[in-house]
């Protein structure tokens, strides 16, 4: 049991992908095939994201202390003009802590790979639906068997 | 500017396509020349690079300036594209064939795609950019994105065709996406164990730590199966015949020679560089399955081509059997087999391009390309007929042409590895192609009484237009030139692409 | 020592291909076209004769055009055997061209340009095979020969020609791609080189592999017409007379036999054959069967051309059997038999064409008594048949003499017996034709009446070749020096 | 019992997601299948936020759930088809099931070799990724690491991704777009049954969408601009902009939208976005750096070398936003109007 529980996400990923694969192969309705394709892709995206996730780590954005605190004027007295440009840049630079702790932030690399995968998935879905629509114009049906009969007629 | 050549190869067609799409709205006549210019730039830069590789070894180009990071065990942080011995030749072949096909396709596009040709050349150029990207990239995820670019544009290019093309394109979409997703999953499995996506780093990490890991093995199989379904290898070849037969001539002439060959290159890149050949030698059961499947692919491709009468369908089945050559050669995992496979990628691209161009010329003039209705072709279109004979001779493997030498290496490799069923399949397939060639010769040449003899009506000589004829003739002659140049290609390029330790 | 690399062999091979280009270019002007052929043939002959003294002296002319594969290039190497075969095919090209000009002009055939062009290419590839230094170059020219002779075989472009052509190509391509190509590749893979060396290239290949390779080569080069794969030769008789004369008596079949000769001596090596009895017995059995069976079938053929075809199949096996004996005089006899049989058989084929032209008779039964109407052709036919049978006044006798010696040297008594029996059979199917032609009453009065000698353009070449048969008998010692040189090369190297 | 992973709730979500996925595929009525698929995607966004992948969740919500469900609905609307029960191809279904189960088993055979879920020391989290986390601030002064990796470290990937979106738009255009004036292809007019409800007379929907659209667009611009500091960026902002226009198309009708956004304008701007992105890269080349190396733009852009990358990323995000917005609108309009750019959903 201790082999399954810490790796439960991979099992879900495989189940999702196999339902997608099954529907792409077996479903005779073209739209169902497209939906199956989309589910297959989301399965893969879930796989990538889950390998990049870390226990009790926050989102990959480097938190910074408030600028005021760094400049030493918690609440700036009225009338004092803002510090000169270089100190401002220096303060800004110092605002961020030295290199953030790696284990506190989740893995950004897997996330950007999946940004690309989602967009590619939608693009392919769009083209698939366009093709399905044109097939429907020609054969008046989404069902693969009917289309085959229609073609061979 | 010369150090930017590698990125120019991919960028020129990409930008060409974008500009063509932009100008198609207010100045449609200029979109074709823009695309042509993009392809020309890419062709020139790839030829320059090919000559530079033997001189300066492997050329790396870091995108965004992010090279190796010393303190992180010199992992490559950004994306890196590289030109080396393996992809240098294939880049040159793809760019030249793409340029010739662009020039070739002008008349057919005007005739076949009356009202719909606004974005044809943009998609044409994007497909070439995608294929070149796959060949040049040094990052396995980047290869997936380029694969999608090439796939999406090929779905659209194929859907331009006649009534049945749409359904064929839809099936191609399903199979293509399935292949791409399997490839992505394979990349995921490799990424989980190796941690990096760069091919150069992977080639160091995998051999020394991941040879025994099951996840790396499953990832390898997934990537290979994904590449197989993209290249229409035997069990997954259903989509290819319909897709390329009902497509318009121009897209068929571009896709047939390049799309499948580049996927073979991708498989070769993963096998040779990322996982290295001893990984394949170490897992003999996949090797035997792969060679068995390629034998079946060769036989299926050849026997089905005997049953067809539509010339394009025959050419498609030739592609299926040629893919069997390349995959079988690669999986022999010995020096002559791999040399034959890599050389055959280039040779087969040229051969398939030549045969699809010839069929395009015949369709342009005779309106159909049915084997039975070709009588008198020799007298009506002599130059096209001679090009057809040269191409078929190359496919059979008659000596001076390139087909002979790739078959020579493949048979030698198979003999060395002792896989005799592969040798027999190679011979049977070339014999079947010989039968088809002589069936064509008989119909086109002997069936119609020689018009030169008085008493027979003279057949009007109507050749295909010049812009179609010159590329066809060039590619056909290129087959012979490629054959004669085998030795320089193999010793200077292909032999160096193989890992040193391989048994010669 | 590094042989002097001179470009002579390349020039000799290329002359006739350039002639072919010249012929196609000026196809419109018949006289210019014919003169180009004669010019090329003459030039080629003089070049060959100019290098004969050196070659007989032991020198060889090597030349490598360029590397095709690592260690194997498109390279030529003229030695005694190659030069002899080239001399034969080029010198016989001239009379056949005169003959075909006569034949084609009288029939006013349209596709003459294509005919001559393919002829020139065929001759250049035959010479290419003669000079090739390694198996790959030989295979390349072998294939070019098969493809360039297809238009010649299907010259008449009627159904019969197309069927004959189809059979011709299926046999030749299937065997060359199916058997010879893999055998060559396996040799390259086993030994790393394809060059013809004096003592053979095999080092540690297993005996079974050797026998398999031997059989693949024997049947791979199907142009040599060993029994099961000989059917293309009678099938190709649909071609016009000069084609079947030169190609099927000299160029095509001799290329097949010459390639086997090269393979057996160059790749396997005479000494390996000598001390590997299993190999030689295979060769002798196959050649012997072909010899006897072909001669028997020839007896039954009524069509003159078919009879000549089967006799060629038989005669070729003489040469293979000669080499199979693996003795020096056997190899010498085999080499000598090439020119002897070539000159003799070409005369017979040209006469067959002339007879058909003269009285339209294809079948021997129709040829009774025509000797009185066409005396010159029939006398030439008689001399030709003597040469093929191997009786003294003609050259055939010399080569058979050496073959018989070879059989005795290697103490193969049954080979000796086979030679004698087949010579008897040759006599049995040739002499009756001659006898009936001169002394039997005419079988068909109408045809007999109007039969007359064909045009001089056809009869003169027949007479030239007939005198050729007689000449080589008297000058046989010069030819023998070729054979001697060829054999000595192998003697010292093992 | 080993220390349970902290996401007990996630295992619950995962199971429900699988249920949603299976139901979406086995439903008869296509329209309801599309809706369930939308729900499936939204659930997926929840799971990803729990796993710390906020940018991906945002994109999935906008692009995956929002837009693709609308595309499917548009296709179904145009064809009005529902999956009529046909005689099931039992033999083929079993074969496909066997293939799926076999591949699934093969994939699971690698399970023991995988690192545990959420283990920070797994190879993925310990080779290349730490460089990004530790050096983003130094290199580009952008706190949102995902945006820097997206637009700078692996900027070429994002350029190609924008190209993919552009290709999808022109591909769908060339597949479906029929210029009835010139083309020779004969195909029937819209065969869809008249919609159950007539959108023009639902006052509430029209007024509500009319009010919402401006706020959506401002929020989208914020998302693009603020992508450096908070989750968001070119894709998400562009999709929301596109969605606002699509909302107008649905609530009013296509003609209403096509008056401002003519077909030519949409297609041109789709291509323009990719051009912006590629031009930034080419500019870097001309300024002496490698392709897409924003440091080379330093003389042109304010601030020190790192800020050059900061603004480079912003420029690129704008290019992405433009392309994604107009291609989403273009794709929707073509799918909805069955290729004639006149009437439709």
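Note that the chains take the letters A, B, C and D in the order they are written out, and that residue 1 is the start of every chain.
Throughout what follows, contacts are C-beta pairs under 8 Å (C-beta built on N, C-alpha and C of every residue); 3 or more make two chains touch, one makes a residue touch a chain.
A quick note: this is a predicted structure, and the numbers were derived from the prediction, not measured.
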B-D or A-D: which has the larger count of contacting C-beta pairs? A-D
Closest to the centroid of all CA atoms, by its own CA mean, is chain B
Using mean CA coordinates as chain centres, what's the chain C-chain D distance in Å? 75
In whole angstrom, the CA-centroid distance of chain B from chain D equals 31
Centroid from C-alpha atoms only, then distance chain A to chain D, rounded to Å. What do you get? 9
Touching at least two other chains at once: which residues of chain D meet that condition? 107, 112, 114-115, 122, 124-125, 128-130, 132, 154, 157, 160-161, 164, 167-168, 171-172, 175
In chain B, which residues are in touch with two or more of the other chains? 141, 145, 148, 152, 155-156, 159, 166, 185, 191-192
When you draw the chains as points and link the ones that touch, which shape shows up: line, ring, star, complete, or other? other
Chain pairs that touch, as defined at the top of this document: A-B, A-D, B-C, B-D
In the complex of these two chains, what residues of chain B are touching chain C? 336, 393, 396-400, 405, 407-408, 411-412, 415-416, 423, 427, 430-431, 434-435, 438, 442, 446, 449-450, 452-454, 484, 486-487, 490-491
Residue numbers on chain B that touch chain D, as the complex places them: 4, 7, 11, 14-15, 18-19, 21-22, 25, 61-66, 69, 72-73, 75, 77-79, 114-116, 118-120, 122-123, 126, 129, 133, 141-142, 145-146, 148-149, 152-153, 155-156, 159-160, 166, 185, 189, 191-197, 213-215, 217-219, 221-222
Of all residues in chain A, which touch chain D in the complex? 2-3, 5-12, 14-23, 25-29, 31-32, 34-36, 38-39, 42, 45-46, 49-64, 89, 96, 99-100, 102-103, 105-116, 118-127, 129-134, 136-138, 140-143, 145-146
Per the touch rule above, chain C residues touching chain B in the complex are 66-70, 73, 110-111, 136, 139-140, 143-144, 147, 154, 157, 161-162, 165-166, 169-170, 173-174, 177-178, 181-182, 185-186, 188-189
Going by the contact rule at the top, pick out the chain A residues touching chain B in the complex. 17, 21, 24, 30, 33, 37, 40-41, 44, 47-48, 51, 110, 113, 116-117, 120, 123-124, 127-128, 131-132, 134-135, 138-139, 147, 151
